[in-house]
Each structure stands twice: as structure tokens, then as C-alpha cells.
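Every chain is named by a letter (A, B, C and D) in the order it is written, and numbering of its residues begins at 1.
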Amino acid sequence: MIRVQGVDFEPGAEIDRLLRGRTAVGGVASFIGIVRDDLHGPALRAMTLEHYPGMTERMLAAIEQEANRRWRLSASLIIHRYGRMVPGDRIVLVVTAAPHRQEALESCQFLIDWLKTKAPFWKREETEEGEHWVEAQVRDDVAAAKWQTEPSAN
Amino acid sequence: MIRVQGVDFEPGAEIDRLLRGRTAVGGVASFIGIVRDDLHGPALRAMTLEHYPGMTERMLAAIEQEANRRWRLSASLIIHRYGRMVPGDRIVLVVTAAPHRQEALESCQFLIDWLKTKAPFWKREETEEGEHWVEAQVRDDVAAAKWQTEPSAN
Amino acid sequence: MEVLYFAWVRDRVGTAREQVDPPESVSTVGELARWLASRSNGHAAAFRDCELLRAAVNQEHVPFGHPVAAGDEVAFFPPMTGG
Amino acid sequence: MEVLYFAWVRDRVGTAREQVDPPESVSTVGELARWLASRSNGHAAAFRDCELLRAAVNQEHVPFGHPVAAGDEVAFFPPMTGG
């Protein structure tokens, strides 16, 4: 399940809803991305996430589908926000549920790594010294690229 | 922070409490272990987790300390329940928060892998066909052993 | 053909989307980018270094050699920074 | 010396903990296990195959060659299955 929204979400409530009625789940992995006030550089006042409506939903659905092709998941959820947020605000939630923990943990990592480089979102930061677009990180490409090959069977 | 308790916990509330007042956190990884009704074999009625009071707390604290030695974490939490639980009940919660997602995700996986083989808990299952102690899984030893070497720096 | 711009590409071009009707000689994303660059100083600034840009045709990521045709929705944007 | 048993080790021994006073010749965890095995049929069943067992001395995991001494808290249990 994927959702692209401007408003905040409650991770605990989302996880509860995702698991309702499922008894074959042994492990639930989740990741929450949060607006971070970097300790280096000028203090962050706010961050605005722009996205490409339509394509965002398509890419998130495709990424989720790929995770479900690679791992045997009981349920999965991606929520990604757009709009203006301040340090400490939640940006993204990824949840994966599976019979065994390894499948849940690996697929959660996969989803967030792929999402970083494939979902059409762009961050603009407002700091004490002005505004700027955040540049893509090479390490995010590296993290996404390691999933180009299939995961080891377990 | 570690807790060993008989009662249930609320993952969302625990994560919120752990993050309160922290602005340098960019990623929060969590894992929830749940009593699973295996699709193979006789239906599971309940599971009782026995533990070694005193040693459990020592081991969980040691494992958490090791994670904080290996990764630069902003906060971490392990909650492990003991006692009788039914399918769908939460058993364990691991949460790690870090400036960057990779540190949070890796340390979360490390904590649950180590906990599985190093924390003194034993599961007894009640099924339709009777009761039995759950046997340790070789794959859990394999998962824990891969962390014997240090993680790659990132 | 509808062209969309995001993030600093939009800032430089000065608009989020525009309807364009390129000549028939424009048959790929790369050729479209070169043609768009000639439309204004803003466009020129946006397309100055195409290696910094990514493109999508009909909401699918594509390389700059990908074909474009009338009726397509084409988007130009910097590498993504979500998550 | 206090000896604790957990999970099926306790089921077989028939008690969760006992105070014991082994002879001086018992100086390691393994020697203690062999000596405990002789105390009852239940103990014998619990310690029949020591490869299935794990041990802790004063709440630290130890191999069976680890020394034991008067005043120690020694625990025997199967491989752990938490998480």
C-alpha cells in the first residue's frame, strides 16, 4: 500500500492497521525518515519537499511491487509526505511485515534505498543563511545500486 | 535503554518517547517481533517465554552497548516481554535512531540478530497437539555470526 | 507536447509547465532539451549542463536518447532527493 | 554454589534452582555438569547430552571449560530462542 500526502502520519497506528487480522506475521520492520537539523552548517529552519504528482504514486507502487516480488511479504506500506516541514517532522514511513524477520528487515532496507533515488521528490532547505535545493548524495546511488542484483535466498 | 517486562508495549508511543527533544535524528529503524501462528503444523494456541531474570537485563544492556560502540546512534531501545502470549501478540521491540538511515537500519538488524542467540529467553509453544520447547534455529546462529566482524564504515 | 519542470530546473526556466510544439527534427529527449534551451535565457540556464538533469516521458524515467512524440508528457528535473 | 535450570533442563531436573556443595575435584562447568548428572534420574536425563546445553557463570555465558567455585551462580539451559 502506498500513500503520498501533505499531512503527518502516526507510525504506531499505521503499523497496527497494517497488521490487523494477520496471524502469519512474525516480524515487522519499519523505517521513519525525519527532518534533521544538521549539526554542521547553518541551522535548518524548514524543508520543503516538492514532488511530481502522478509519477510519484507510480514509482512508489512499482518499488513496492518489486519488494513483493523479491521477498515473501505479508504486508507492506510506504507513506511519503510532501510540502513544508520543520526539524523533527516525519517525512517518510516504510513498513514491511513477513513471516520471518530477515525478509521484513531486508525488504524494508531495500524500499528505503530505492525510494531515495527513484521516487520523484526534491528537497529545498531554508536555513539561517538562505534557501537552497538539496543535492543528491552519491552514497544514496551506491546504496540503491547494491540491490540491482537479487538478494541471497534465505 | 532496555526493558524486560510481562506487559505489552505500544511501538508508536515508545518511538515517540525515545525521540522527544532530539533534532539530530534523520532515521529511525525499528523491528517488532510477533507471535506467529505457523501455517505448517498444528495451530498455535499460545506461547510462553521464559527468561533468566538478571542475566537477561545484563545481556540486553551488553548488546545495546555493543551496537552503540559499532554505530553512531542518537538513541536506542530494546523491550523484550516474557510470559504467556497468543498469536498476534508483540514479543520484542528494537528501535535505533541515528543521524543517517544506514546507521539506524544496520544497528537495528544487528540488535535483533544478536538478541536472538545471546539473550536468555526460551519459548514454549502450546499447540492443538500439546506443548513443546521451541528449538534454536541454525539460521539464527548464522545471522548472529555474520556480525562477529565489524561493519563496513560508511 | 507538455513539458514539466521540477526543483531548480523550474526555478531557472521560470515556469512549472508549458505546452510546446517542437519541429519534427526533435525526436529524442536530448534533442528536445537542446531545442528548449533556445527558448529563453532561463531555459538556457536550466539546460546548460544536461548531465545534471534527469528526464521522464509519460511519468517513466528514461535516458536522454529516449524518443519523444506529440502528446507525450515530458519532465526534466535534478536527481531526486526524497526519503 | 547455586545452580539454576531453565526450559527443558529444568523440566527434566524437576527443580528451577538448587543449592549444591560439590567435592573439590569439581573445578569446571563441565565437571559440575557430570557431577550433577549423578544426583537423580532427572539430572541424568537433563545432562545426558551436554552438547545440547549452554551454561552461564554469574550470569555470563561461558564454555564448559570455565572454572566454577563456591559462591558462584551457575546456570544450565538449552540454546536460547528469544526475539
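For this structure, a couple of remarks:
Going forward, a contact is a pair of C-beta atoms (placed from the backbone, for glycine too) under 8 Å apart; a residue touches a chain by one contact, two chains touch by 3 or more.
Model, not experiment: these values are computed from the prediction.
In terms of the stated touch criterion, the partners common to chain B and chain C are A, listed by label. Averaging C-alpha coordinates per chain places the centre of chain A 48 Å away from that of chain D.
Between the Cα centres of chain B and chain D there is a gap of 26 Å. Inter-chain spacing, taken between the CA centroids of chain A and chain B, is 22 Å. Among the residues of chain A, those touching two or more other chains are numbered 33, 101, 112. For chain C, the set of residues touching two or more other chains reads 83. Every pair of chains meeting the touch criterion is listed here: A-B, A-C, B-D. By the touch criterion given at the top, residues 10-13, 15-16, 19, 22-34, 36-39, 87-88, 99, 101-102, 104-105, 108-109, 112, 139, 143, 154 of chain B touch chain A in their complex.
Contact residues of chain C toward chain A in the complex are 4, 6-8, 11, 56, 59-61, 75, 77-83. Residues 33, 49-52, 54-55, 58, 80, 91-92, 112, 115-124, 133-137, 140 of chain A are the ones touching chain C in the complex.
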